Amino acid sequence: MTMTKAENRVPLRVVNLECTFPTRGGTVQAVSGISFEVRPGEVLALVGESGCGKSTTGKAIMQLPPPTSGSVEFEGTDLTSVTGSSLRDIRRRLQIIFQDPISALNPRRKIKDIIAEGLVIAGVPKEERQKRVEVAMRQVGLDPANGERRPREFSGGQCQRIAIARAIVVNPTMLICDEPVASLDVSIQAQILNLLEETRRTYDLSMLFISHDLAVVNSISDRVAVMYLGRIVEIGDADSVYRHAAHPYTNILLDSAPTVGDVVRPPSGLELKGEVPSPLNPPSGCRFRTRCPRATAICAEQEPVLQEVRTEHQVACHHPVVDPDLPNNERPHV
Amino acid sequence: MSSPTFGQPKIFSSPMGHRKYLALLGALTVPFALASCGGDADGDDQGAETDQDDSANGEDDASNGEPVSGGEVTQVISVDTSTWDPARLPNMNPTLSASPFSAVYGQLLYSNVESGEVEPGLAESMTPNEDGTVWELTLRDGVEFSDGTAFDAEAVKTNWDRLADPETSAVSAPAAQSFESEVIDELTLELTTEEPDFFLDRVVASQLTFIVSPTAMDENPDVFTDDPVGAGPFVLSEAVSGSHYVYTPNENYWDEGKPYLDQLTIQVIGDRQQQRDTVSSQNTDLFIANAMGAEEWIAGTDMQLPSFDVGGSRSMFFNTARAPFDDPRAREAIALALDLEDIAYANEPEEGSTSPDSLFAEDSPFYDVDFALPSQDPDEAQRLFDELAEEGSPVEFSIVAGGAGGTRSAELIQSELGAYENVTVNLDIIPLPNFEEQVAFRGEFDLAIRPGSMFVNSPSPGIDQLLRTGGVNNISNYSSDEMDELLDAVRAESEVEDQRDALSEVFDLYLEELPWLPFGNTELVVTHIPELEGIELFEEGTARYQELYRTD
Amino acid sequence: MSESSPLLDVRGLRCVIPTPRGEVQVLSGVDVSLEKGQTLGLVGESGSGKSMFARSIMGISPPHARLEGEINFAGQDLLTLPKKAARRVWGKRIGMVFQDPMTSLNPVVRIGRQVGEAAEKHLGLSRQQARKRAIDLLELVGIPEPAKRHRSYPHEFSGGMRQRVTIAMALACEPDLLIADEATTALDVTVQRQILDLVKSIQTDRQMAMILVSHDLGVVSDRCDDVAVMYAGRIVEKSPTDRLFSDHRHRYTEALLQAIPRFDTPKHSHLAAIEGKPPNLAALSTGCPFAPRCAHEIDACTEAMPPMRSAEDELHWFACANPSRSKELLS
Amino acid sequence: MVILRAVAEKLLYLLPVLLLVTLATTLLIDLLPGDPAVTVLGLGATPEQVERINTEYGFDRPFYERYVTWLFGALTGDFGNSLVTSRPVLAEITARLPVTIQLTAMSLVLAVVFAIILALVAAVKEGSKFDRMMAALASASMSVPPFVAAVVLVFIFALVLGWSPVAGYSPLRDGLGRNLYYMALPVITMAMLETGFFYRILRGDLGTTLREDYILAARSKGLGTGYIMLRHALRPSLFSLMAMVGLSVGRLLGGSVIVEYFFSIPGLGQLLVNSVTTLDIPVIQASVVLIAIFYVLINSTVDVLYSVVDPRVKLR
């Protein structure tokens, strides 16, 4: 447990994570056996559209609720098998921030108590608690004088600051951010993204950043994993994925993102077909095949596995969009 | 004591608003319904009684013309009959089931509500022999049931035997079992009792008066549910159980030209407020009930309120079978300690009350029989309480009461006795349906306040059953050979004068013993529209339906 | 721009909502004019008044809101027009698509009915004809098997399909103006693109004018002729779309564009966030409402509300006392 | 058919409840104060007579024996005979049941219709004088128990105005007009309280519905207010009301006990009151069970009706 970063221990390793939920209509396969790791000091982004399982993955890592199967290894410990005080200790080092900051905070408690919560559990003495809460509040740009107030008196952006203060006050080593800026206005969004970046640097955190917004992801992450219907379809170095997206779905996603500013890649020209299939009964083979413009017979028969297309860049597709020799701007339309 | 003023005396009301109250009340009043001015003189009256109605009901607006045929009348009663079986009829109380029965079955004999005199009905006469052990019941000639079968001695005997049969579980079984009957001829029955009883005609008039067609009982399975067959003035044409009964004239009725009415409707209204509303809005032609403040009801209407003075009282009973009230001094002490008028007022605060100076109505031949309850004497009461305490048997008891009125009275008794030393009172307020069982059947009480009023208009069975050992109404569990002999003596007298003398001796002993204590009067209330004539009341208020007519 | 009367000409529109804590001026004098077939992008953060503006035009502002100014549509002022006459404009000549397709469709009414009812009312169609029209409209917006699915209820559709239904609903009477109020905000990006493309193509086909209301500059960037930026109940800058992105003058527009993460933003770089938070509309001070958050605030900013002025020509307007000169500086 | 099957299925689930209710009623005899035999025989009851009745009706047997006997009888439609009238209990009840059903149903319909009309009008005029007045009236009507309402209504309509009879009943076979003449006041009495409840719940839900986007969308289509209220606002606002209706059936059945007694209407409620006061155990037992079944049936129907009003609710 006392291993240092120098030993290059992988902070988080997820292997064959599977999450299913029984519903009236049948069993929903929210996450279907995904594996990835977050490296020391790295920000890994999980991107995808609603229902792809990215948030479920984040919660499953936190054991809220525990995954149906697979392992979640945090700093060498399998979270699915630990209980009691060691789980509490791990929880301290692994913190999560949610999308809706206002509802994630107990409205009846003072914010300084909310922030101190993790310290109380860790058994930190009162005076020290106070001090650390003040430091954390300053860190996230909140006036410690406001500690007596309650969440309702704060705006969404400020509540997200409180949530971040609550997370960092216990000196975590890793932060899971589940759509942390999705409900915020553009001007506030930039403030929070800056704060997260600053925090990451200050505390030398690893981060799992879950978001649907590709532009936001681009600004903060080192690597990106693209999810579709419970599976990772493409994972790799962010620049590589953004500039040389190999999976047709990633390409369409990037084409669709409304952006401002210079174009980093030409549109792929791929068009999405149909509707998202039901997670109750996902398609055989490649799950994207029902909507994929490049799908062929093999896609229905054989499930593609993640394969390296470039260094640090894997894709799970029988017909990836790959032409590594061409300059970025000259990739042919398919 | 606590209330400085009391309302108008004379008219009393009982908590009529609740049917359960009435059901109990009715059940309790069964044997008090009889009255007699004694002797055989009144038993064998001549024919129809229509010419007596003015004297019977004390009304001044009657008989200013000949009866007219036609018209419809609605009467409101307060409790549904539920059945047409005389065996199931709890009593003769008009507020219970007797009115619907009387219209369809008629009555063998009627006993006048005020005087207690027995008058002929479907029977022409009922006369005793010299010593009062054998009675002869003579039926009218040519009477038929509405199904055309003969109303004869055999039919009457069949009915009575059925009531006497333990299998029938009839309410009136004790009455039916009190004599042997024998058919002499088609129209004559002979009734034989073991002991002389010059009051047997009251028993018949009260409890054995409804005769059902035996043929119908044999052949018609619905005879007691919705198709009663009797020899009364009306037949039932529509029955909505729980709501109303519609009658049309019986084509076979023996008395030509009667009934006068084309239709009679008897409507059941259980809620007291609604009874009042019905009367004050003149939504009914006739309403008979047994005690309430009806004067207010009819204020501003032209409804009539003839006054009927009936006997009876509201009472409290001592349990003479166990301590402390097995000692007559304890009973006397209570009687002396309390202000009975206060208790009566608490029982029914709307109208106020006086303590009764007689248990009989003014028109009754027994009215002036000496009956003077001891007046309040706190010093003497305290002396008796002290005396009993010294002897080691202090007066400690609980009062069993039910219903609002009973509860109020019990509370007042408790508080009045609180002023005395050496007397301890607890209250035991119980639900009304329980009262009968706990008090009357099991005798588990010290002092019980009986809900509502009881009617008394005859020494027997009225007073008789209150005081005789094992008497149906002897709630006090009072048992005295001396008293039983005195009661036998009353029954054995054939002349009114002698009956009164014998009754005086009963009351003398009663006042010494005080097994129960009357504290308030009771009264029967009748309201009707001015156009309705021919109202005579019998028993506790059944009308002679064949005599009713409208003047408009 | 033709000098004949435009399709929509809003002048000095104010909207005041009384609240227990005083009156809130959610719109403080908005001027907008729109020609037939033109698309206007209306951009702003939450609380800027863009949705209230859209709703004011549609006559669905909150019950106690007080509207002042003029909303001239095809020469008629909707604010002074009798309600009955105005209703012949709403739904018939102006259609509106709402933000959330989950909530803007009645969950218990069949979609065919919801699509067809405006046509039934405004065009005097029979029930049968309205159904026929609804099916046609559903087909137009790309609902598969419309003849069957017009009998479905909203919950039987995915989010994207529902939004197509609401678009069909807004198009029922072939309106001259379509208002899309954050019409794609609740949708996934792939669906968003499909919907925006669909709307654009229909708009082009039918020569319909459109107001595209969004908080997302990216959404309006390549689909509008003009873009208006709103802040605190006012339009602070308005210009042809390409010019707004390349040559904006208002400091708020500038700050907004810098704050947005882009695909060309370097990793882990510091975003130019706008500090502070949007102003409280119930307690606006004199002067530019953006001044307290503005990095280029000068004295003039707080003295009075800077008037709208044109940049180079009549097409580009802004209201800033210390405007950026991005283009001039470059040149 | 789907609906029928759903109701049947719900009833199946409720079988244990019914068993429990019947069991409880069997225990009544031990729980109720008083001895039914003594009550029916009256004051002069002799121990022999009491014993005879107890043997005849099985009151002296242990409760599980009584229960099994009763249950088997009930399953074959034999609920025994009334202690008081000796008539078959089933006949007593079936004679009364239609009256109570009519009273309850009419009250319910009247309350629902009035509540809907008033709530729609008030919701359209949100914040108006009418709206505020209705809110006050609804609270008032909810706080007036039926027996008070009955007295007031009789005073106004029967005594002062003379429009209706004070009490009484006329069966349907004697003509609808006469029947309604008698039923009007009792129905209004029962409906008043419910109207208040229904109004309040519906007005609240309408208020919420009217803030929904789809109402804005409907308004933006230029549709008329009346059309929007009826077509778009009413149905989605009915869910809580429907749940209330199910509950109010229970309240109405309870209220019918008082109202039937007060107005002398020969329904099940009146029968139950009479039976309780006369300790007519067989009748009490059967009535309670019947009311329970009735209640369960209504609530199951309401559950099923959800799927009719709200297409999102799927019948399983």
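A, B, C and D are the chain letters, set down in written order, and residue numbers restart from 1 in every chain.
The criterion applied here is as follows: a contact is a pair of C-beta atoms (placed from the backbone, for glycine too) under 8 Å apart; a residue touches a chain by one contact, two chains touch by 3 or more.
Everything numeric in this text was worked out from a predicted model, so none of it was measured.
Chains that count as touching both chain B and chain D, per the definition above, do not exist in this structure.
Between chain B and chain C, the least number of touch steps comes to 2.
Chain geometry summary: the mean Cα position of chain A and that of chain B are 92 Å apart. Distance between chain A and chain C, defined via averaged C-alpha coordinates, is recorded as 32 Å. Mean C-alpha position of chain C lies 53 Å from that of chain D. A straight line joining the Cα centres of chain A and chain D is 56 Å long.
Within chain B, contacts with two or more other chains are made by no residue at all.
If you draw each protein chain as a dot and join the dots that touch, you get a simple line with two loose ends. Here, these are the chain pairs in contact: A-C, B-D, C-D. Within the complex formed with chain D, the chain B residues making contact are 18-20, 23, 27-28, 30-31, 80, 82-83, 85, 88, 90-91, 166-167, 169, 171, 173-174, 224-225, 240-244, 267-271, 273-274, 277-278, 280-281, 283, 430-434, 436-438, 440-441, 472-473. Partner chain D is touched in their complex by these residues of chain C: 55, 58-60, 63, 86-92, 94-96, 98-100, 103-109, 117-118, 121-122, 153, 155, 166, 169-170, 172. Considering their complex, residues 32-35, 38-39, 41-45, 48-50, 52-53, 84-87, 91-92, 95-96, 151, 154-155, 158-159, 162, 165-169, 171, 261-267, 270-271, 273-274, 276-279 of chain D touch chain B. Listed in rising order, the residues of chain D touching chain C in the complex are 126-127, 212-214, 216-224, 227, 231-232, 235-236, 309-312. Listing the residues of chain A that touch chain C in their complex gives 43, 49-50, 155, 157-158, 185-191, 193-194, 197, 201, 212-216, 218-222, 238-239, 242, 252-253, 255-265, 272, 275-276.
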